[in-house]
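Same chain, two partners: chain A is paired with chain B first, then with chain C.
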Partner chain A sequence: MNRKSDLADGACFKRKRGFRLMGLNFNADGIVRGFFGGNAYLAILFLLFICIFLFKSAIGFIPGFRTELSEARISGIEAANHMNYQLVGYDALYTKVNQAFINEKRAKFGNLATLVPIYEEFESIIDDELEDKVDEYTEMDDSEEKQAAAIKLTTLVTKACGEVSTEELLKTIQSRLPQTTEISDNTYQKALQYAHKYALNDYETPDEINEIPALINDQMGAFNKAMDLIKTSDDELREIYQEIEKIATKTNITISDNRKNLASITSLKDELKDNANDSQVAQAIQTRIKELEPNIIEIDPAKNILPIYEIIAKHDPAADNMVNQFQKGINLLETAEITTEKSTILIHESSRLFQELKEIVTERKSLLAEWKHDKPVTMWNSITAFFFGSDWKTGSDRQSLYGLMPLFSGSLLISLVAMAIAVPLAIGAAIYVNQFANKRESRILKPSIEFIQTIPSVVLGLFGVLVVAGLLQGMSEVSWLSWIPGFPIQDRLNVLLAGILLAFMACPTIFTLAEDALNNVPKAYSEASLAMGANKLQTVLKIIVPASLSGIIAAVMLGFGRVIGETMVVLLVAGNKARIPDLSQGVGALGESVHTMTGIIAQEYGELEPGVLHWKALFMVGLVLFLISLSINSICQRVISRKTS
Partner chain B sequence: MNSQLIQLNDLGFSYDQGKTETIKGVSLDIPEKQVTAFIGPSGCGKSTLLRCLNRMNDLIDTAKITRGSIKILGQDIHASDVDAIELRKHVGMVFQKYNPFPKSIYENVAYGLRIQGIKNKDVLDEAVERSLKGSALWDEVKDRLKTSALGLSGGQQQRLCIARTIAVQPKVILMDEPCSALDPIATAKVEELITELREQYTIVIVTHSMQQASRVSDRTAFFYLGELIEYDKTNTIFQNPSQKHTEDYISGRFG
Partner chain C sequence: MDNPFQKQLGWKQKKESIYLWVFRLCTYTIIAAALFIFSDIFIKGVPTFFKSEAPYVNTEFFTESPQILSVWHDQNGQEYSMSQKNYEQWVVAHPEKEIVDLHNLTASGGGILGPLVGTALLVFICMVIALFIGVSAAIYLSEYCGKGKLMSTIRLSILNLAGVPSIVFALFGLGVFCWLAPVITDVPKDSAAFFCRWFWTNSYLSFQGWGTSLLAGSCTLAIMVLPVIITACEESLRAVPKGFREASFALGATQWQTIRKSVLPFAVPGILTASVLGITRVAGETAPIMLTATMTEKSNLPWEQVEGPWSFLTQSVQALPFHIYTLAKFPESEHVKPMQYGSIAAFLILVMSFALLSVILRNRLRNKLKW
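Up next is the complex of A and B:
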């Protein structure tokens, strides 16, 4: 048969024969289709695997956490925590007040407060070297020589005084102590005078120096008394806390050991059943069980539980006492003379923190009043303790707390700061490059901005720690910048720093996508607008940006997704303190160290044994992160598809 | 006042800094409140010339007027104290492919006024209604002013573009093949509209359709390779052209 006749009978339309394998028909088309399709569907498979993997690893966290929570409750750890919570609040507050105290002391007395140690050093140096020099000096009679020696001597004395020059010492003494008028500010004379006295073996620390401590004490009187009150106000509460903690920790360890031992015994018993006919193995297992059984220690209510209630009964008076005594201190502080702005601010903040402490105490008092060691912990309690828990505390031998809030709020705050910086920057740049720049400029700008994306995040993080952190802190302490809210910043590594660096990372993503969106606006629109007599800016703001808005929003969302999922940079620069930033202080909260959801996983994962509760908790965090990213992405897709439809 | 609203004097234009001229010394006067048609084969520079009139060519970096001048209302539009943006407020333009903004019908028409800083709602309402009536679109869209302009038919969109242009009451309306993307019925409507607008506006229209030129225009200019070959009353051009070239083109012997 030749081709012509094939054509004639239409056989050429027939499907070309492929080959058969395992009952399936293969042909080139199908194979190509299968290959490309397979690649595409691999993505879905991968996504599915991640989902399954995350869920599988995270599962069991909630019940496990529930067990730990109920053990903490039965043993009384929970009650101890209620008390500790107040003490933590007290500590934060005390730090603030103490800062004010130190600041005030420094402001009032300046170098004077540091004079005493300097003089002590002076004397010790003088002992070694000065003696010889003074001898030389007294033996000289040529006046020129004497002058030269005097200068040498002075230098030595000045050096002996340490950082503060003799002149400065004298000036300070004079200005602070007007009664000691006979001090001349002639450096030579004074130095020589001391040197002389020393040489004549009747050198003594000047009276004015000896008076300093008393003077400080006198002038800081009210503040001092306040500090004394404040310093001791927590003693009683701390004491009963330590008492309850000791008992509760012991019980807690017993209970969790019991649980572990019981679990071992149960599994051994199962093994025993399986090996019932092999008497030798059975014997061995029996022995193991026998060994383990005595390890199980009964909880004796009279010894382990009742004392807790006794201590709790002492709590309220102790806590009230702390509040009252502190209140007295605060009252005294308000009467004390405050000389600097900084101290005023610190004292003001202390008063605010004190109000918070009072609230904490009231809250914990009522929690303790209701507290019962045998109230069951429900699954729901365990869920809320994870999602809304305000503490992430792990790794100590006390009860571990896995509260998502500090991590979540840290991640969120950093991301918001990053977006607040990146969005205007990146979109402004996109508008500029797309609408205003000439070809040469955009040929340079576009690749440069996109190049930022290729900087490894660990490099960016190190740059942040080593360079930007110092710059930022230095800048925040410059006095003429102090009007900026939140300056000076509290921690070297903080939300703002992380936000700035992440903004840097998000910029290229947002820029590229926003520039694309702007570019997709038909030229006919801007042409029409310009032909109406609109200027460039009006055209950009009224026509081009609105026309590309959905694309820009999608760009911003994807940028956000990138930021909230970023790990390395935040791990390096966020400061890694798992605590909820104190938003009540306003912008100042941006100067705090925080921890993030991504950072905590990266930081803690490596040290853990797979399967322990802490490990599972990290997977829960990962799961939450994954769901957040997923929802951001699907919102983006919806925004984009709304535009195209 | 001079009835010659637009005066071109030996105008030369180049897209490439003067290396080659796309418009080669065109002189012509366009009278007020008449429709003037530019015809000629593709690529002969009709659109280019039209876009010289509202200085849209300024947007091209390498574009340059090589010689001659354009005066509108006696003012040289390339004089140093003339602002192209102000000029375009008085010389409106309708494009070949209808291009309403992706906004509501109302906002499309109000756009020209808004960019001039007019915010008063009554003024805007009034102008929108007047312009839509002026472009014979009012009855069709008055109940859906707030809906997207992109939902209108092609012919309606082009008439909306005309409404948008007349909303700011320009002196001149430039139209670059305004019907080339429309079907015959929509074309007829736009042509009808042009005839009506003639009462109030000076219109310059580029068209590739001989019939359209003869139907709507008072005067016709025939271009070839960037040069003005013939310019006269439309009747004269179509019935009794003085140039052989023009006759050949009109009768369809080339083009």
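Up next is the complex of A and C:
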């Protein structure tokens, strides 16, 4: 009966419906579906949130940087920077010339130069061990006895000095003159003679020893004169720079203090408005405002800014003077007699760099001529100063500079080196494993190469520091490899090292994807090609590789994306010096230390309060990285999807 | 005897064999580099695990946290290097000896227990979060949603998320979890972005962040590994044949019943593989942990000096990758070498065993489940 009534009601045909609200189904299935769906949308939300958060944190950087830039302009720091830039160029050049000079000196007067440290070593031995004897001898009256004592003393000195083994002596000398390889007998005997004189003469250093450096310099002739000219050429400019720096820094500090005080006064005034009813609180706030107000110091143009113009007026002659004097020095160098190859190369390079310095000076001269402290800094200036700025300098009291260029060029250079190594290797391996290897071989090779992916980057970085750095440097100093351009390498941690390690990291990524792409080529293609009489190699190079080219390109790009975003390896092995690699020296630039975008974030995030300009600058760098990786990824996706469709 | 019928190799064949050897050389260069790295690390690292005396295993290395290493000479020129605790005992035990030229090296003495525990905790919490979100997202993507434009957007964003550099995730985690995440506290900090009263209690809901903490690090890692897990899980769900679902629907099961009874059980091994793969990824990451979870001066184990679960989660931890990074700062010291190589060897063994596990799981899965 019961059953019949159910049928009559039609209840058993009714769909089970849950509670519906606003188009959402609240029965069990609907809830489950909603739960899973919600989690899927989380992924998209994360991406959006990352975008928004990065933008939000980074975007405040541009106006903030603009304020700092305009403060630097008003206070004259900008003008000081222009001068400093020339001086930095001068310093780099001077180091080169000086290296050449020292090298040349050592080659010509090596024995004479080692004489001094050997003698000094003996001197200290006498001071330490034979003090009593020497004193005893000095106090003697002139007599025959004294002559005998003198002979005795000299033998003592010889003996004491002889106790120091030649290797030990060489080591101590190498710590001062690193290029010394041996001590000639002649030099040793001479040093010993001087040491005798020293002992007999009541601790008086013989004049000959004191004269040696001057003697050497004299005999360097034209080179020495050139060095004198070059050494003093920057004095005038440096003096001016220091003067302007002193005034400008003071003004800059005043201005930025004023800004901070003004900001706190405005916020206090806002608070005052909110608390207008509460007279007690209002009074407290007012007293604080009164305390702050005297801290604001007006900038007096006559006192703070006019002197800067006066100094700038002196700049042009000083800079011209520097260039002229340097030119004279360089001209002299060209006439000087140079024997060693290394010095010749260095001097050749210096005269090339000098042309660059000249350009820098003329450029900065025109910039300084146009410079005005009250020219407004636009947003556009601030943006270009970030993206094209050539200095990243933080952490000092002076104005911080946030220029992306050194970081970006460092990242790019390292990635390019890594790709140049990784792409041929990985694609060659993919072709081999996919086309040529037999089944058993490829079953071992494929997982082993994929296994490399699991090596954590920090392990690879530490391995690079401990082992590969030493190997690379050792290799670059081997004489029969010196024909390779860029060898010997300047810095222990450098672009090439980072590139090699990153190439190793990128290999499995590129290999896996490229191998997939090769695998996806329809079998009919290769069969058709073979049937036409092409051999295996022709089939591979002319049919299979072109057919899978889009996949291979995507693989390379994804590998590039992985390399440019890698942090720990570059933080450990790239050397972390924020400067633009000097590409004009060709392959030698690979031997330089650089800094990278990823490395700078990992290095400087610490101890920063959120919201300060430096923090925002790091987020700007992060944003640039994010956009780069996003664009690489989406291009790859497009390439891959076009292929499959 | 020469075979008179054998053809001479033509230049085309020669060219082919040259190319073959070039490709082969590429492959074996990569393999040789990998072998060189592994063997160098193991040969220099494994001796740290063992001792020449009684228990033969270097128990100090596995049961103690990193400590300051003291290196000094006595008056006879003999060199000693011990962790600071042992150094103090030594000084008491040998009053007659003179200490010359003492210097201390950070984190190079003791062992790696603290970092190991820290990494395990980070990975565990991260995987709990990531698997919860990842598996459900994968179920939605493979079972519920169709092929709309929205779905392709979601897929694209997941793929894009996978390509973002880890340092960007780290920066994001630093900004959001360390400085912005909500906390319920009695005394909100001044640096909080925003705070309001928590219902009708005396506490405040303050957006001041969790600081450098275990939780912040785990969440950052979870977001980072999410794309890997979603993609792998979705693949394993899609691998379950359609017939299973259709049969279940034909018997009158609802969608949820179908998923629970006839899809998930067959996808579980695949999901397991995916999670092991995720662990391999996460355990090796350094940059996110460095920014969000670790501090250099931390020396006690996570369960020491903790009140309640919240303070457990919001403490900073040691982690093995960060420990290695700290050690990388003095490359030229002989006394740090055992610790350096020991740590990277242990870390590599750990990560590789997980990777090996995932490979084995995957292979067994392929052999077992054949539809």
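In the analysis below, the second predicted complex is superposed on the first by the 506 of 645 C-alpha atoms of A that agree within 3 Å, B and C clash if a C-alpha of one lies under 4 Å from a C-alpha of the other, contacts with A are read in each partner's own complex, and residues count from 1 in each chain.
Throughout what follows, a contact is a pair of C-beta atoms (placed from the backbone, for glycine too) under 8 Å apart; a residue touches a chain by one contact, two chains touch by 3 or more.
It should be emphasised that the depicted structure is a prediction, and the values quoted were computed from it without experimental measurement.
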item: Which superposed partner A:Ile299 touches (first chain B, second chain C, both, neither); value: neither
item: First, second, both or neither for A:Ile265, with chain B first and chain C second; value: neither
item: Touching partner for A:Glu527 - first (chain B), second (chain C), both, neither; value: first
item: Comparison of chain B and chain C by chain A residues contacted; value: C
item: Which superposed partner A:Asn535 touches (first chain B, second chain C, both, neither); value: both
item: Touching partner for A:Ile360 - first (chain B), second (chain C), both, neither; value: neither
item: Contacts of A:Ala547 with chain B and chain C, given as first, second, both or neither; value: first
item: Chain B versus chain C as contact partner of A:Phe451, first or second or both or neither; value: second
item: Partner chain(s) touched by A:Ala282 [first = chain B, second = chain C, both, neither]; value: neither
item: Intersection of the chain A residues that touch chain B with those that touch chain C; value: 535
item: Sites on chain C touched by chain A in the complex; value: 12-13, 15-16, 19-20, 22-27, 29-31, 33-34, 37, 40-41, 132-134, 136-137, 139-141, 143-145, 153-154, 156-172, 174-176, 179, 191, 223, 226-227, 230, 254-256, 280, 283-287, 290-291, 321, 324-325, 327-328, 331, 337, 340-341, 344, 347-348, 351-352, 354-355, 359
item: Residue numbers on chain B that touch chain A, as the complex places them; value: 54, 56, 59, 61, 85-90, 92-93, 95, 97, 99-103, 111-112, 114-116, 161, 164-165, 168
item: Residue ranges of chain A in contact with chain B within the complex; value: 438, 522, 524-525, 527-535, 538, 542-543, 546-547
item: Chain A residues touching chain C - in the complex, by the definition given at the top; value: 28-29, 32-33, 35-37, 39-44, 46-47, 49-50, 53-54, 57, 424-429, 431-433, 436-437, 445, 447-449, 451-452, 454-463, 465-467, 469, 504, 507, 511, 535-537, 541, 558, 561-562, 564-568, 571-572, 598, 601-602, 605, 609-610, 618-619, 622, 625-626, 629-630, 632-634, 637
